[in-house]
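Lettered A, B, C and D in written order, each chain numbered from 1.
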């Protein structure tokens, strides 16, 4: 009994020593190992293998869409904001893209531009409502989401537009076993990491999320940072919309029914970014996305009942977050003046 | 030909929701001058500072910096114009490093990218220049001592190339030893020709540091004098508008020291050890010691926040295992914590809700009688508020503190621990609080008083227990001299030595 | 609750975040009245309240969780689960009604308890806890029934949601749902005036201060989740009774109810707002839907209008709150949803 | 080349496909940009040719034994599948399901599994591999790709979650050389060996609308209750009804989206009843139909003339109240056909290029018969599920 306890303590101590991001990649590795084992045992007779090319492709493909959304979501969450409208933005973007391309390859650049413009504007609106009207982001983006939904339902009674073969490649081609979309997603992730670390705006997102008042008093124009985060988040949703269009070959308003936004948030938090803002990063988010994708693939390969999938997903999300939630909360609990006091309360 | 004043503010007016907070205030600060701004809480000191910092904008009046007229709508403008402010609530991000905090909002860039190496180097130079050698630019601020956070704040101000640094209660969080360090910093600034606007309630510091003093009362300018031309007493008079009789009230008549109410024997945990402590009914015992010497730690151990892992605690004779505030309260203890806003009050709740919080939280204490006593308690502490249903966040620091005290008195404790009860409270309010502490003792409470301002301990305590590095270094009678206390506090003397 | 003395106070009250929702409510009702005064005839208004009752009950439950500084996103799924459980376990047998009701209450409390424990003990942000719970409930219940609800509800089960006291002058029928809703509301208001209520509020506002005052903060928050689970159960009983079983029951209710509570001037992050206003927020939302219907507003456009109105109302309230706060800038940053 | 493919498609008269096909794939009449889409969106879902064809198909006697409607076909154009013929049973059949997110699909899904068991017994099918996309188009595309990449599927059955969006994935599946069977909703390509579906949405909507027109006095008021916008099968139902109502004397009070949520339905109907009388209810699917009827009961109004679906809860309420009603059918037994078709194809037997199954509404005359047949079944079961002869009957459907 005590032996177990001490062992546990030693383990937790080890984990505590690790950085959060490292911890998450550890978790990802864990999920891969367990998943691989489960698949192997489950499908021993058929010689099933989670790491067979087909499955790897499947995993990577599944990362792309959530990935785009989650990368953007990371930025707003870092600013202690939230965007529940990304699903609707993505759906709208897919329609804008498909209808603008209209089957003509030469329209692709225009379409991409149009998507980024539209989604960017939506993001600006979200940011402005949160920053200037001081509406809680949860409500604000829920509201803008509804607004977009109404527009979609009224204007598009279903799929519309036509994506040329050329652009569909974005959704279907792959280099070796790595889908292009996944590569683009990783590239975007890299860009985001660089942005957060090396640009002022990016760096200031941590400040704004950590303590908006302090950031303001330090001369940071918090409103601009917040709006920037929302714009970038919505643009990522726009890219996700482009991916949808490429994969659907058309634009689909229905896409919003899939609650992508919750997937994205789950991935971000799984990735160790604090829902309260100020801590975390895109590197973790990518791991979070990967964890979810691996789970989906494992469940698929193992032929798990669709409803059991939901149960397991929910359980895994909670468990994984619980694994490192405590440390995170403690860290952010510390505010300068009270650092000493908080130190003791642990 | 003398340079124009660093700051020349004239006829500043400011009102909130129609309530005037400042009316036609003038403030003039010369280059390299350390200028004190004093006045009771609510006199308008903070507001004036925030106007200079660009947090608020003046309704009327002119502000000239180095002869140039300015008007700020955002802190950034104030900083660019050379005015830096060190607020009482630190403007630091615990998640970022010292270097990142120092340069927050003005990160050095190379080819558009943040240049972290340059950032670290610049910070190191800055700290060296301030004669600080024990603070690493890469350290996370959240892990620093309050003093080091204070230094970080000042470094931040300097890095903005400020000609004028406004400091709001810079020593409020510091122990006497650390105050010395701050003195050094201020001297350094003076040498560098940087002007300092020094807001403090601590008269000693004002007379030690400042060249001139501007006194505010009720939002109006009372006077601006050279420190040399005024005595502490006159200054106090100027601030409160009346002469305060001897700074510390005498022990009230009819106060008699009764049985032992709190007795700690061999108490210890991770941070403190060998604590033997005894507080009797009607007695005020002062805990003195430098920051980190274990004063607050003892209070928190006694109150079960970070319990003793060794030794015993007895309340009114019977030994109690106090492992949580709840158990402490059950045992009849009360703790007025160091930090009101973070630990004492639910700021969005009404005065009433806060005052009855302890009763609400502990069913066994909740009784009609106790609830009915609350109004008297509040008026007894002469709380000033717009009625019981006013949210406490709108109260002044002094009045907030009264609510905290009231909250505990409502529970009718036998032992009350006061941790820094007078932090950030103006002279007048402080004095009233002293009297009330005396009154508590007179009512038969055992009072354990913790204060970083030695004079408070000396002036109020019947006995002074001095700590050094988590152990009790010695015990002195009330009214002992500061030298005696410091001798123990700095470890130069301990009870083992032949006295 | 704000006590009113004279017109000035009335204005100030109408302007404060809590008052806003009542003003909004009045405006919507006035508009409906203009379009169709028959709406306010006893029977039809009672019918309206009957529809609104479940959401108002949910709002009361959600209020406790939000005011203590958390979220409960699992209520929608829980309502759905409860209806399906009832249908499957009762399976049309009158005799089983009461035992099954007890089972449902037990289940609701269990879900609340789990949410509470995970959030407080494991320190998982409630947003994630309850999001996970949403998935678990959604999947588990369908796993149990093979995807679509089976069995059926008994008549007596449906009484609460569907029937009422008949033959009342003017009103015609007083639905049990309305009586239950009023009872829940009254209970919630009284509860918020007890020590528990105040401590819950304090915990949402400043958990450390509450803890040092001897409050069992975690226990209070768990209790809040229990209340939320209970209210979801009651709502489930009302909705199931009102409309019977269908596969989609409860879908998306969590967002509607949180919106309603915030519309009522309750601040996400805790420590502020009144339960009465929260329920009024729910009533306002239902009234809004009725208004859309009375206006014969194209169904596809409704979300847009709804979204715009919600943002506007909350923004207005936020502006009102920000005003006095400006004198105390440093305190605002403390509260945040976790 | 998509245009040519479309031409072929139209030639094959893929009823459902064209509905969206026109607006999405053919450059000639495709919207220039989103605004014109918006402008057109009104009649986006109505294609006269398909409408006429489906209405006609209702009166055509299908080939095959009426006792096994899931094997019947209307005007089949038999095609040769010998190229897919495969020796020695135990075929691996892979099924990409859009979802089982509503009772209709759940019922069908059970039927399909039962059919599979039979064929597994007989050794024709070995592994039956399934992935469920939970109504997420993107997810289903991945699922189909996974089947292709796995490479060991002998046949791929697809029930697309949305017509247009799944087209590229289905094409990819076809190109992999494995026989592909599509059923329920279609896709904008005829690359699949066979596309199985009941007559279609227009017929469903028309059956219901015509019934109301016949049963109601001219000038009567009709309320249309719909699940959600943008789903082609459902939009077609409404498009047909809209046309028929427009040509009739009936007044349409409004068409509302209910999400199939009983509470929502009851709210909406109640509110309409507060505003005035409602004589008829048209529904694009039976979910929550009972709640609509109860709204009338609770408001003390005479029950309307109503069309729901062959969901038992509705049919039982119908029988119990003796109201005037019709249960249009979107043949649930179609879930059996794809499995059978797959085995036929793998055996090299001929199958119809487009396998149009009969789709007859249940009338008052047949009501008692169907209720008797499904007596033990749960209320959200569908009367025309066509699994009575499967060994698992009735337990598999009864005890879910």
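Just so it is clear, a residue touches a chain if its C-beta (ideal position, glycine included) is under 8 Å from a C-beta of that chain, and two chains touch if they have at least 3 such contacts.
Protein identities per chain, from UniProt: A = ABC transporter permease; B = Sugar ABC transporter ATP-binding protein; C = Autoinducer 2 import system permease protein LsrD; D = ABC transporter substrate-binding protein.
Predicted, not measured: the structure shown is a model, and the values here were computed from it.
By the document's definition of touch, common neighbours of chain C and chain D comprise A.
Steps from chain B to chain D, taking the shortest chain of touch contacts, total 2.
Taking A-D and B-C together, the pair of chains sharing more C-beta contacts is A-D.
Note on chain placement: the centre of chain A and the centre of chain D lie 35 Å apart, centres being C-alpha means.
Averaging C-alpha coordinates per chain places the centre of chain A 44 Å away from that of chain B. Measuring from the averaged C-alpha position of chain A to that of chain C gives a distance of 29 Å. Shared interface positions of chain C, i.e. residues touching 2 or more other chains, are given as 147, 208, 299-300, 329-330. Touching two or more other chains at once are residues 55, 89, 305, 337, 342-343 of chain B. Taken residue by residue, chain D touches two or more other chains at 100, 229, 257, whereas all remaining positions touch fewer. By the definition given earlier, chain contacts exist for A-B, A-C, A-D, B-C, C-D. By the touch criterion given at the top, residues 197-200, 203-204, 206-207, 210-211, 213-221, 278-279, 331-332, 334-341, 344-345 of chain A touch chain B in their complex.
Against chain C, the residues of chain B that register as touching in their complex are 16-17, 55, 89, 303, 305, 325-326, 328-330, 335, 337, 341-349, 353-354, 356-363, 366, 389, 393-394, 407. Across the interface of their complex, chain B is touched by residues 3, 195-196, 198-199, 201-202, 205-206, 208-216, 271-272, 323-331, 334-335 of chain C. Across the complex, chain C meets chain D through its residues 36, 38-39, 44, 47-48, 51, 54, 145-152, 162, 239, 242-249, 251, 289-290, 293-294, 296, 299-300. Residues of chain D touching chain A in their complex: 2, 20, 23-25, 27, 30-34, 37-38, 41, 44-45, 99-100, 127, 129-132, 134-139, 141-143, 145-146, 149-151, 162-169, 172, 229-232, 235, 257.
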